[in-house]
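Notes follow the structure.
Lettered A, B and C in written order, each chain numbered from 1.
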Amino acid sequence: MTTRTKETVLFTALGVPMVTCLLVFLWIVFVLSTGIGTLRWDLLTTSVLQGGIFEMIVGTVYLLLGAAGIAGPIGVLAAIYLVEYAPHGKLTRTIDQAINNLAGVPSIVIGLFGYTFFCRQLGLGISLAAGWLTLTLMMLPIVIRGTEEAIKMVPSAFKEAALALGTTKWKAISSMTVSSAAPGIITSVVLGMARVAGETAAILFTSCVLVTRGLPKSPFEPVMALAYNLFVQIVALGELPEKVFGVALVLFFIVIFFATAAIVLRIYYRRRQPWLR
Amino acid sequence: MAEVDIRKINVWFRTNHVLKDLSLRIKENAITAIMGPSGCGKTTLIRAINRMNEIISGSRTTGELYIDGINVYDENTNVYELRRKVGMVFQKPNPFPKSIFENVAFGLKIHKIANGKEIDEIVENSLKEAALWEEIKDRLNDSAFGLSGGQQQRLCIARALAVKPEIVLMDEPCSALDPTATAKIEALIRELSEKYTVIIVTHNLQQAARVSDFTAFLYMGQLVEYGDTKSVFENPKSELTEKYITGEFG
Amino acid sequence: MDFLNFPTCTRRVQVPKLMLKVRNPQKMLHFFKSLKEEPIEAILFLCAFFSIIILFLMLFFIAKEGSQAFSTFGLDLIIGQRWETNENLFGAFPLIYGSIMVVAGALAIAIPWGVVTAIFIAEVLPFSIRDFIKSLIELLASIPSIIYGFIGVIYLAPQVASLFGISFGTVALTASLILAIMSVPTIIGVSGEIISAVPKEYKEAALALGATKWQTIKSVVIPIAKSGILASVMLGFGRAIGETVAVLMVAGNTAVMPTPPWNFLSPVYPLTAVIAMQMGEAAVGSLEYSALFGLGLILFILTFIVNTLADVIVKREPKIRGGKK
């Protein structure tokens, strides 16, 4: 039985790194919780001009929704093409690789591109719209990959049944496949929003300013955002006032909310769809 | 060569009661076929012999199983040594993604049975025993995936034989192979029974009749009939057995 | 549209703006035919093709803005040892070295940590808690870099400072530590997927021969998963070198070469940090502006190569090794 005990010891040792991961998570939560005292409800609802962070929160939400509104449709359509229409060939493989490469571009480089292309070339200036387009680039690979997976998991029998009844390919896909894959698609969009909510480098010089007078009235105005503000206050202004902790916490909660929502959605839909493994 | 004495074995997979109070004495140095319709528990039964059911989470086994007088389900049994003594060949050939030589030598290295030159000798002998040596002797270092299905299965047999087992379990070893390969393996099985106790699960009635000395018929997790093959096929004692053999159900 | 009527041999076909050598003209014919049947396919195709267009646009525009710096400094932009904005001197070597140093330090910690955790989760952890742990790690991965930077500044940097007796904890070591924590979930995620994808027939074969669980993992699972793990490491490298905000907040941001070169207690100025810090002040069209885009180009090309390599590695090794001929 010494082999058994040797194995137990080995596997316990092997488990140390994983336990460290959990400890790190706890550590992060602990460090953040030390500042929980700075969070007050009125902080969230008061305008920045009066010491609150309201516009930052709204600005972040505006950015999120806009990016999702663009990346969502494009990403889903692209994924449908890749799974249902694309022929096996060099072009398809290249598109596939391009998506992987896009996912791997550093966010600051995307920010640089966003500035020179969206802000200057297309004349959008530092604006909400430019932020949407830039953040779309970051969200797109996530939505495409997630939608691809969701579509692949729908049994082709559904689509084939529709086709056998005489509908066109697109009709079969849009009526059967997409609606069955909808949960997975929603999950991937939510995941994308989690990614983008905390994004700083991409919005650094494409859409944000430190203070605005009220909320932007058009997409062509700049916007305030939690991540941007946090960054500038700490790095450029070099201060650590209590308010900054509050900003960090609100941002943290928003991101964790979306990330947890994605996980919960995934579990919930897996239960509701019996054909998933 | 060893006798397997199965006594009141019950196997559950979570709530599914697969083997029910099964008792069976398997003769040594003979070929015993286990047959029955899908889902009757044939695979579970042979996997109970080398305790391979345990790797499936949610499995539970009660009862006793004696090999050469020792209960393998006893707490003190070394399950790794048990699995060396009881070799297994799977339904779909599963050679490792390594060379032919490395496949056969795998078990030797795991159990630290041999070193250096000895390994070469044992590998050669095992491949000869599995009737594969002549075909591949000059490409021992080639990948195992370059072999045909039948050759891969014989490689898996050689791999199991290399560690000098006493019992060889075969789970529908020919179901994934073409008739020529099947014939070769059936011939091989007959040769193997001279040195080893062979237990073969088969879905194929004709194969059971062709190859085995003894046959056990399982239905819904219970042993229905067991005896020498000729009697079971020509004079089945149970009506159920007769129905199965004549093809009334399957 | 005359080119639809060409013979079936290799011909140079003129397609708007690009010269494509079409190996199989029949395929293209079929493609355009199907477009006529379902015009929606064209829209779908464009959405998919969009990624390629964007990458090209990126390459073009970043190179365009960086061209001034490259024509002024040539190769010196990359190997020049001095980065002095005030003197309009832009040699990025200390910056590149800083990036690589921080990433190397981070990976040295994150790779063993991540791979071992992935093995543990995939092979040792019982089913019931596996999903929970994986979700937890996914949450770790979603924490934005600014939060990691925030924690690094208020907690880690002071700890490093007091531990090593230096005045400020914003040094390469702190950056490497934070980056390691950020890279681990990526490595765990991708490695874990690869390891779980190892077909269970091989594990069963090994166990049936009497191998212990560890022997199975060591001699069967890991060799099969090797290339996938390598790909995950490359992806981790790509992510790490592109990380901006977190390292910016803790690396010290001084464009010096650490002395001696392995001194992790020296501040460094990674590429990404430079861009983020100086873009705000650089006048559009100035040399500084162009130099920053030059750095962006370097980053773009570097991560492009790394990601393509990772892709190639994964595609070369079929995950499920076929057994039959």
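Just so it is clear, contacts are C-beta pairs under 8 Å (C-beta built on N, C-alpha and C of every residue); 3 or more make two chains touch, one makes a residue touch a chain.
As the structure is a prediction and not an experimental result, all values here were calculated from the model.
S.K.: Averaging each chain's C-alpha atoms to get its centre, pick out the one most distant from chain B.
M.R.: Computed centres place A farthest from chain B.
S.K.: By count of C-beta pairs in contact, what is the leading chain pair?
M.R.: Among the chain pairs, A-C has the highest number of C-beta contacts.
S.K.: Please work out the Cα centroid separation of chain A and chain C, and write it as a whole number of Å.
M.R.: Here chain A and chain C have centroids separated by 17 Å.
S.K.: Give, as an integer number of Å, the spacing between the C-alpha centres of chain B and chain A.
M.R.: Going by mean C-alpha positions, chain A sits 52 Å from chain B.
S.K.: Could you work out how far the Cα centre of chain B sits from that of chain C, in whole Å?
M.R.: Distance between chain centres: 48 Å.
S.K.: Residues of chain B touching 2+ other chains?
M.R.: As it turns out, chain B has residues touching two or more other chains at 80.
S.K.: Give the residues of chain C touching no fewer than two other chains, as numbers and ranges.
M.R.: Within chain C, residues 212 contact more than one other chain.
S.K.: What positions in chain A touch 2 or more of the other chains?
M.R.: Answer for chain A, listing residues that touch two or more other chains: 3.
S.K.: Mind listing the chain C positions that touch chain B in their complex?
M.R.: Listed in rising order, the residues of chain C that touch chain B are 126-127, 201-202, 204-212, 215, 219-220, 223-224, 321-325.
S.K.: Flag every residue of chain B that touches chain C in the complex, lowest number first.
M.R.: Answer in residue numbers: 50, 52, 55, 57, 80-84, 87-88, 90, 92-98, 106-107, 109-111, 145-149, 152, 156, 159-160, 163, 176.
S.K.: Enumerate the contact residues on chain A facing chain C in the complex.
M.R.: Result: residues 3, 7, 10-11, 14-15, 17-18, 20-22, 24-25, 28, 31-32, 74-75, 77-78, 80-82, 85-87, 89, 94-95, 97-110, 112-113, 115-117, 120-121, 137, 140-141, 144, 168-170, 194-195, 197-201, 204-205, 227, 230-231, 234-236, 240, 248, 251-252, 255-256, 258-260, 263 of chain A touch chain C.
S.K.: Would you tell me which residues of chain C are touching chain A in their complex?
M.R.: Contact set of chain C toward chain A: 27, 31, 38, 40-41, 43-45, 47-52, 54-55, 57-58, 61-62, 64-65, 112-114, 116-117, 119-121, 124-125, 133, 135-140, 142-147, 149-151, 153-155, 181, 184, 188, 212-214, 235, 238-239, 241-245, 248-249, 272, 275-277, 279-280, 284, 292-293, 296, 299-300, 303-304, 306-308, 310-311.
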